[in-house]
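Same chain, two partners: chain A is paired with chain B first, then with chain C.
Take a look at the complex of A and B:
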């Protein structure tokens, strides 16, 4: 049956209202404060390290983001860990919150489709994430200019922007995930806990799980070197189920131009390569293309799950 | 005669094996105040959600202003304002901001928006607190804000689900006056309630819901006549004569029951007051009071659902 009227009428109204709500919510301020503090901490540590090697490196600005000074992890590692938390904080109660505030039936009684509500909520979260990431990126670049006394080069800006896009895709995966949980569970606390549990699994335990699964699924036979290759490939394939792995690989290839491959490399593939020579940006982009599309695909898939769940839900007040 | 505002035929909604609404036929004309009356769980809210297209009927058809709420929900929702049971608002926003959000969603042109919101707020006497957060509002103020939303939206049909539940008598009175005044201006109103006195005071016609069926539809006197079977209830207070003995032989008297306060209730086929008074005086008694009680909806209600319980007991036996 075909329905009349535009499915997304009213979407932008909802998106901007959601974004405005986020920007004024204490919860969001708290999480962003955490992110900004860790960002400053890690970049400050990185500056101390970089000053020792200044003059030997053509990609100082990228080093700012990837250098870790023990015990503080690098900015990129922090982002990989904290971005999901920001996304979860934005979306874990976005649908069930409407039910518990008893606003859902009133909103859906307006001349809009449900599609517009869910798309608007997702888009509102993405607007907030995009603005925050952009701000963070500009802050870090500014900090770099101040402390290093150099402007970033063209390729560095291109890589930085590509990294920004990757961050957004990664945060989008978790935003969609939190949105899905908020449609499945009627209690905001349940959906927050479910999302946080999944976050911990992927951020901390997934490496161990992938390792254990590899041992079980692809046992290594010491007499057959091919089993070793299979095991390594199996492990990286399993690890890539986690969006966190996809993100850290993307960050690695984009921010370390020397990265030539994200998996196994054989000696014959290295023939003619100059060790340590940076790749041009286009080649790095090509390298992370599967990872990036993987994240975007995961985001769309999870959002579709939320969409289907939401469309089938009963709207009792 | 103009086309009906709401027309439902054989409307049925099943949740699994339970039938929430069972073959409902309804026709509501423009300018009417129509009451959906019944105990909790009798299918009132489900009916309302089907009128709005928020729930899909299992079978049967609905037309609201000639539109099918399933096929063309936006056209229906543009004309219809809905105030759910225990209406919820965004607590962190002010009354005006809440209305503005709804006004944007319902597609009111920008140049009219603020003026219409202001008028609506004045109309429900909330203009003084328009810029206070809804968090601070009392239950009665929230309900009035719900009505303001319908006014601002310019709804031609207002559907109010339990609008006075949980309100104190004064707020209830205020709300009912507002609702009546809307009806006076040509708005069609459907309201659901289990409060009989309220329905009786504002509704032109009433549908009595029982187990998902509109058992009786009509004006209050009509329904009273049908349920009570044309019986008049006469209250008698007399001294010096035993009313039970004197009155019982009068033709047309069906039942004489003594009340706790000494008065006697007489169920009769018609207005037998002259005969009763003559009989009392003839028996040497003195008449203290004799009145015919208006059959109120309360009696109808109690009798109607009493009948149901009796039948249930008979079924069980």
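Take a look at the complex of A and C:
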């Protein structure tokens, strides 16, 4: 039977309904409370550190996000660690939860296609994440204006907004991943555990795995310096499979304007370079463009996987 | 001058003493038989000219040839009203002197004319009274008005040669040819922009006037500093000294040899520019000659990171006139593997005897081709998703 009307009709209804459900759910409140508390803690520490150590800096507001005060990590490090958790909390039961609550057939009894349901669920999660990140960023900037007594400059705002986009792409990867697991596994607990296991692998163990793989795939010959170069390049390529690596590189280039390159740099490339000179925003954006487009593409492909899986499932009442 | 003996005194002395000595002492003296014997009071110059209003002295001597020791009382006759005089012998004021046989006493007559003494000739008589004779020497003193005051100014080396950046130091001697102490005002007239200062010869204090004692001279130094941008040529400095009544001038010459001076300037005055990695960019540099002579064969070179290509057109500027400028294009190609950010490039201009350099900051931008590749990856992902939607979309 050919379907009538637009394939994605009803998608926005699902998306906004999904977002509204998230905003009122206790689980989401709990996770966001965790994020906001850690964010306040790290930014508060950063403000103290900035007041003590930095006399003058053209990018004070970016320092607010990247400065760490022992033992509290920086805001960026916290986000890299906790954003996947927020995404997983949002989506680990979004499809299998409908089955277990026996509401799936009721939704699909409405004039809404299956495609629109999954797209709507994903978009709803993205709306929630975008609103939360924007709020968080505004909170931190406001805190910075209050305590530092300075307004942020134009490049700082541009870099901050670009960082928000990068955060959203990173969280989107994990949202798509959790959505995929929620379509694959019928039990919500299984999908949550699978997503959390993957999160732990990428957040904690991926560095070690990349290192071990490099030693196995590209052994270093001490007499041939080129093998060393190959090994370093291999290791960084492997590390970049992890979205966490992509995110931390993006954050580093966007929030530290002095960052000029993200990979291996040879001495002759640095000859005559003026150290500490900040890159213009457009050049920083160009620098992280591969990372950002990689994250966006990964998000789209993982979501496509979830979509294909979901479309091939049988929905029974 | 023995010719100044008065004929009368000579007669008196000889008549009184020669007779008595002829028998008794003829054998005991070693003087030649026909040399005169006696006691004389003499002066070298019995007629002198002195300045009005000044004290003066006359040298006298009392001689004894072959006569017994004689006490001579000294006095001066015909002294005008208000004049003072005094005899000095052995450094002390004396009234009388004694002289033994074959001996000579030196005496000094010190005279102070009256303050209002007229300028004319005065006749006086110097009188020496011995026990049995009277020695007298007529003297004449002419008072003359003082010589006119005058000032002399001499430069040891009146013409010097040097570049616009050097100091021209002239040694000057000012002589006060007048009987009174004076304060001499110093002035120098220079071409506009030149700076002239008077100093002591071995001192750093700047002077505008200097006191000089009567008949003495003083050595001064005049430092002339030409302005930096003065064209080459000969410049004259007039130096004048004046006491208010008299003055003296001299002319000094500065021969300034010009030299070129280069000033390098970036494109429209800026010291930075941007270039894309691996692509050629061109910046216009301007070389200014701010010196006083033409700059010849000005070569332009740049020191850039390895892998960069830099050349200038023209690479050599043949001549830049004083105050003129010339432009050159710098063509720069950053290495294709240069990473984004700021690099410093040293640009040098080097002429004969003049050079200037600046640090030019090149902001390297990376090409946006890889940005398109990223968009392509996202596009492929979107296409995959669209394919999945068309393949698996439930109809």
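Methods note: the second predicted complex is superposed on the first by the 312 of 317 C-alpha atoms of A that agree within 3 Å, B and C clash if a C-alpha of one lies under 4 Å from a C-alpha of the other, contacts with A are read in each partner's own complex, and residues count from 1 in each chain.
Keep this in mind: contacts are C-beta pairs under 8 Å (C-beta built on N, C-alpha and C of every residue); 3 or more make two chains touch, one makes a residue touch a chain.
Bear in mind that the values here come from a model prediction, so they are computed numbers and not experimental data.
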item	value
Three-chain arrangement built on chain A, chain B and chain C clash or fit	fit
Which partner, chain B or chain C, touches more chain A residues	C
Which of chain B and chain C A:113 touches, first, second, both or neither	both
First (chain B), second (chain C), both or neither touched by A:101	first
Partner chain in contact with A:289 - chain B first, chain C second, else both or neither	second
Partner chain in contact with A:307 - chain B first, chain C second, else both or neither	second
Chain B versus chain C as contact partner of A:268, first or second or both or neither	second
First (chain B), second (chain C), both or neither touched by A:201	neither
Which of chain B and chain C A:150 touches, first, second, both or neither	neither
Which of chain B and chain C A:279 touches, first, second, both or neither	second
Gap in Å between nearest CA atoms once chain C and chain B share a frame through chain A	5
Residues of chain A that lie at the interface with chain B and also at the interface with chain C	1-3, 113
For the chain B and chain A complex, residues of the former touching the latter	45, 49, 52, 54-55, 70-75, 77-78, 80-92, 101-102, 104-107, 146, 149, 161
Touching residues (chain side chain A, partner chain C) in the complex	1-3, 7, 113-115, 260-261, 265, 268-274, 277, 279-280, 282-283, 286-287, 289-290, 292-294, 296-298, 300-301, 303-304, 307-308, 311-312
Chain A to chain B touching residues, read off their complex	1-5, 9-10, 13-14, 17, 21, 24-25, 101-103, 105-113, 314-317
In the complex, chain C residues that touch chain A	304-308, 335, 337-345, 361, 363, 365-366, 368, 370-371, 373-375, 377-378, 380-382, 384-385, 388-389, 392-395
